[in-house]
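Below are two complexes that have chain A in common, paired first with chain B and then with chain C.
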Partner chain A sequence: MNAQTELARKILSEYDGPPIRVMEVCGTHTHEIFRLGIRSVLPKQLEVISGPGCPVCVTPAEYIDEAVWLALEKNVTICTFGDLVRVPGSRSSLADARSRGARIQVVYAPEDAMRYAGEHPEEEVVFLSVGFETTTPASCLALQKAEEAGITNFSLLTANKTMPGAYLAMGDSADAFLYPGHVHAIIGTGLCEQLAAENGISGVAAGFTASDLLLAFALIVKKTQEGKPFFVNAYPRVVTREGSPAAVRLVEEWMEPCDSEWRGIGIIPDSGLQLKKKRDVYDARIRFGIPKMDAARPTACRCGEVLQGICRPTDCKLFGKACVPDHPVGACMVSGEGACSAYYQYGGYING
Partner chain B sequence: MDNEKFVTLAHGAGGRQTGALIGNIFRKYFDNPDLTADDAAVLPLDGGRYAFSTDGFIVSPAVFPGGNIVKLSICGTVNDLACMGAEPLYLSCAFVIEEGFPMDTLEQLAQSMAETAAETGVRIVAGDTKVAGKGQVDGVFITTTGVGRIREDVSTSGALAQPGDAVLVSGDIGRHGCTILLARDEFGIDADVTSDCAPLWGTVKAALDVCPEIHVIRDATRGGVGTVLYEIAEQSGTGINIEEEKLPVQDAVQGVCGMLGLSPLYLACEGRMVMVVPQDRAEQVLEAIRQIPYSKEAAIIGHVTEDMPGRVTVTTEIGGKTLLPPPRGELLPRIC
Partner chain C sequence: MLSAVQEQEEGSMCVGLPARVMNLKGNMAVVDASGAKREVDAQLLEGLEPGDYVMVHAGMAIAKIQDEENEMLEDLLK
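Now for the complex of A and B:
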């Protein structure tokens, strides 16, 4: 254990103040906090809530329905990150569609989908463009490369989301945010400073190693005791104030903000990205005339409340019974980074 | 759900769904007193106890750094027999070959098979050859079946793990899975990793020579070391605690896992044994198997506990306690 980690552990173990609620909003944080056993070394008063940070979890059922419709009705090849394949739509998942003959290709990067389209000119290829600030630039880059290569059978079904709107919408749910290091490596930290100064929303930008995370929690404990809204960048080796202007510019060239539905939470204004009007030809919704989907939601699923920190995964009646990773009811049980899945896999009951 | 109506790749991944498939379909119909849940059946025949096991191989690609499908097919069955404390004696092999498969490649494979068999001292005594139409199989699929004589003084089973026992692995973990993953070139990652594919009777023999009362020997294959630990915990009704810092993992494997969000504990091995050994004999066993070339990197990684029965816990690098997530389905299809 290095000196920084030891100091952080000392601060955490000596904390005897009032309860502090910390919301993490990044699937990788959710997962790493469990994997590293972080909760077992945090003070009892410090409660960690998993907010809406897993892109798969916040993608609404209607989006899956759109993708299934494209695959089955329009015979489109769907290229997607693997996690989305098993997310339940309102009637079926992409995995179900695959067993009925739909072409579903799992890819690891949007560029792979673009390349697949180039190699299969006889197929219409749609990439399921989900994710936050970290993955959206890669989707835009794939479009740019498709344009350069004259690939015309490639388009996106967008459900890209941006974090700032979510921070504002979730501001009251916690005493401090554990800001996702990767997102802020792209968009910088100006926004976090502004949230502290103007909205009274506190947080610490955090990395992903055990030592990064302990430092971030120790800073939250220290700063909360001072009683003023705060922002600290605890991941300066990757996160800068400016972020990555090139990535931001690339996204701005292709996409524009739109209102966006977050599964279980509802519509958050200006929290999504859609393709610009002049990019219509790459927009699968327009290209294939996708009809509006109305989703029949499973009523007992409490994913929405889980994502807002209103309840814990274990408070849901379905958790571990009707809803398990092999047969997920809600999206939070699908992705390895989803809060319910993490609680289930790591046995939330021993980790608090 | 379609998951239950149709066989999915997850049913072949060696995890919980594979177990459920076997339980719900095969065990239901094949049930008899000699049917085993271990790596090989133990058959009480005249003149001693014999281990009997069979294994099919469909790995893609068929040739990979550190091995190929035929080496795998010998090692897989030999290691299953070794797990029961049996010296591998005889093998049969059945080939299903795709129409159009190059004859000279087939000959190379047969040669490689003979070499691996010779190294282990096992004889290939029967075989079968089938050819399927183009596209009906992918290249070549192989099934090997083996028989071995179990040492008289040895009795191993997943059910025999006892609280206090030490848990050993015979080498650094996850290399086979990592190799196959990189060989498929789906991730655009280059790393210098070769498969751990190896026949392990030598390692097992060395361990049993110094400690015949070893409680459990299991080869970590498809599901990796993590899956084996869960199987042992469940079969014996104990808990297993492993110390993250003591896990032998090559830097390159660790790096690939970091990039892809995988755990080396759930990457396949094809030449690694997990052994559960009485605590006071563990160092002795470790020293003995480290003399064998295929198990130089062996390590004691944890111990069996009374608490958390059926579960595997991890003491992390910061001294935190967490669960090892139970094994899940499809990580990589056609890993072996």
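Now for the complex of A and C:
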């Protein structure tokens, strides 16, 4: 163990102050914290809650309904990241649609979807463009390459989201955020400094290895005791203050902010991205005239509360009973990055 | 058809992978991510060279990984 990690562990093991609530806002953090056993070395007073940072989990059921409609009514080929396939819509999932004959292609990257469209000019191909700041540049890149290659049978169904609005909306849910390192590799850390200075919202930008996470939690414990709102970049290997202006520019060429619905939470102003008007031809909603989908029927699923840190996955009546990874009711159980899936997979009883 | 597990592993959107740049051709880079080789788009990053480490998301290199020691963080812990 290096000196820094040793210091971090010492701070964590010796902490005996008041409770500290930390919200991790990234699905990968949720999973790595479980997988690496980090909870077992955190002090009891430190409560880790899972925020709304899994893109699949916050994508509303109506979005799945739109994709299913495109596949079944318009005979469109849907290209998607794999973790969306089993997310329940209000009537069916894409997996259900596939069993009824829909063409659903799982891709690793948006560019793969663009390439598929190029190779299948007789099909209309729609990529399900979900994700946060880290994934959106890749969607825009796929459009840029489609345009360059003259591929005209390719469009996006957008549900891209941005984090700053969520930080503000969730600001009161925790004493500090564990900021998602890769989001801030794109947008930089000016916003986090501003949240600390102007909104009293604290946090640490964190990486994903065991030593990264120990360091981040130790910094949160240490800085919280100082009693002032704070921000520390604990992942300077990858995160810089300025972020990636090239990625931000790429996104701004294609997309613009819009209000966006977060599954289980509601509409957060300016927290989404949609294609600019002049890019209409790549917008599947316009291209295919997708009708407005009815709101999803309510179930006993508490994903919305889980995502806001109001309850834990294990507090939901459905958890581990009606709702398991093979038969998910809510999106947090579907996605490999969802909080419910992590609790189910790794046991939900470690340190709370 | 892929199993549910395969689907998640192959299609999980949001997992960043650290990878080493093996060679570059125009905007594209061939990277080695823990033994798996893949071509990724590297147009966001300037001045990349073989041997550099990058963070890859959804087929795109989004950041260069710096390997400098950070004493400032250690000082904050003291």
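FYI, the second predicted complex is superposed on the first by the 349 of 352 C-alpha atoms of A that agree within 3 Å, B and C clash if a C-alpha of one lies under 4 Å from a C-alpha of the other, contacts with A are read in each partner's own complex, and residues count from 1 in each chain.
Operating definition for what follows: contacts are C-beta pairs under 8 Å (C-beta built on N, C-alpha and C of every residue); 3 or more make two chains touch, one makes a residue touch a chain.
Keep in mind the model is a prediction, meaning the values are calculated, not measured.
A.B. asks: If you stack the two complexes on chain A, which partner ends up touching A:35: first (chain B), second (chain C), both, or neither?
C.D. replies: first
A.B. asks: Taking the superposition on A as described, I'd like to know which of chain B and chain C A:59 touches: first, second, both or neither.
C.D. replies: A:59 sits against neither chain B nor chain C.
A.B. asks: Considering only touches as defined above, state whether A:186 meets chain B (first), chain C (second), both or neither.
C.D. replies: second
A.B. asks: Who wins on chain A residues touched, chain B or chain C?
C.D. replies: Of chain B and chain C, more residues of chain A lie in contact with C.
A.B. asks: Looking at A:325 after the superposition, I want to know if it touches chain B, chain C, both of them or none. Which is it: first, second, both, neither?
C.D. replies: Both chain B and chain C are touched by A:325.
A.B. asks: Determine, under the contact definition given at the top, whether A:336 touches first (chain B), second (chain C), both, or neither.
C.D. replies: Touch status of A:336: both partners.
A.B. asks: So, does A:108 touch the first partner chain B, the second partner chain C, both, or neither?
C.D. replies: A:108: touches chain B and chain C.
A.B. asks: Looking at the overlay, what does A:347 touch: chain B (first), chain C (second), both, or neither?
C.D. replies: Only chain B; A:347 stays clear of chain C.
A.B. asks: For A:81 in the superposed arrangement: first (chain B), second (chain C), both or neither?
C.D. replies: second
A.B. asks: Touch check for A:50: first (chain B), second (chain C), both, or neither?
C.D. replies: neither
A.B. asks: Taking the contacts chain A makes with chain B in one complex and with chain C in the other, which residues are shared?
C.D. replies: Shared contact residues on chain A: 28, 108-109, 112, 325-326, 336.
A.B. asks: Within the complex, which stretch of chain C touches chain A?
C.D. replies: 1-2, 4, 6-16, 41, 43-46, 55, 57-60, 62-63, 65-68, 70, 73-74, 76-78
A.B. asks: Which of the residues in chain B come into contact with chain A in the complex?
C.D. replies: 1-3, 6, 8, 10, 16-17, 186-188, 261, 263, 308, 311, 314-323, 325-326, 328-329
A.B. asks: Taking the touch rule as given, give the residues of chain A at its contact with chain B in the complex, in rising order.
C.D. replies: 1, 5, 9, 28, 31, 34-41, 95-96, 99, 108-109, 112, 210-211, 214, 325-327, 336, 345-347, 350-351
A.B. asks: Which residues of chain A touch chain C once you look at their complex with the stated criterion?
C.D. replies: 3-4, 7-8, 11, 26-28, 54-56, 80-86, 98, 106-112, 130-132, 134-135, 137-138, 141, 181-182, 185-186, 208, 215, 218-219, 222-223, 232, 234, 236-239, 244, 246-247, 250, 325-326, 335-337
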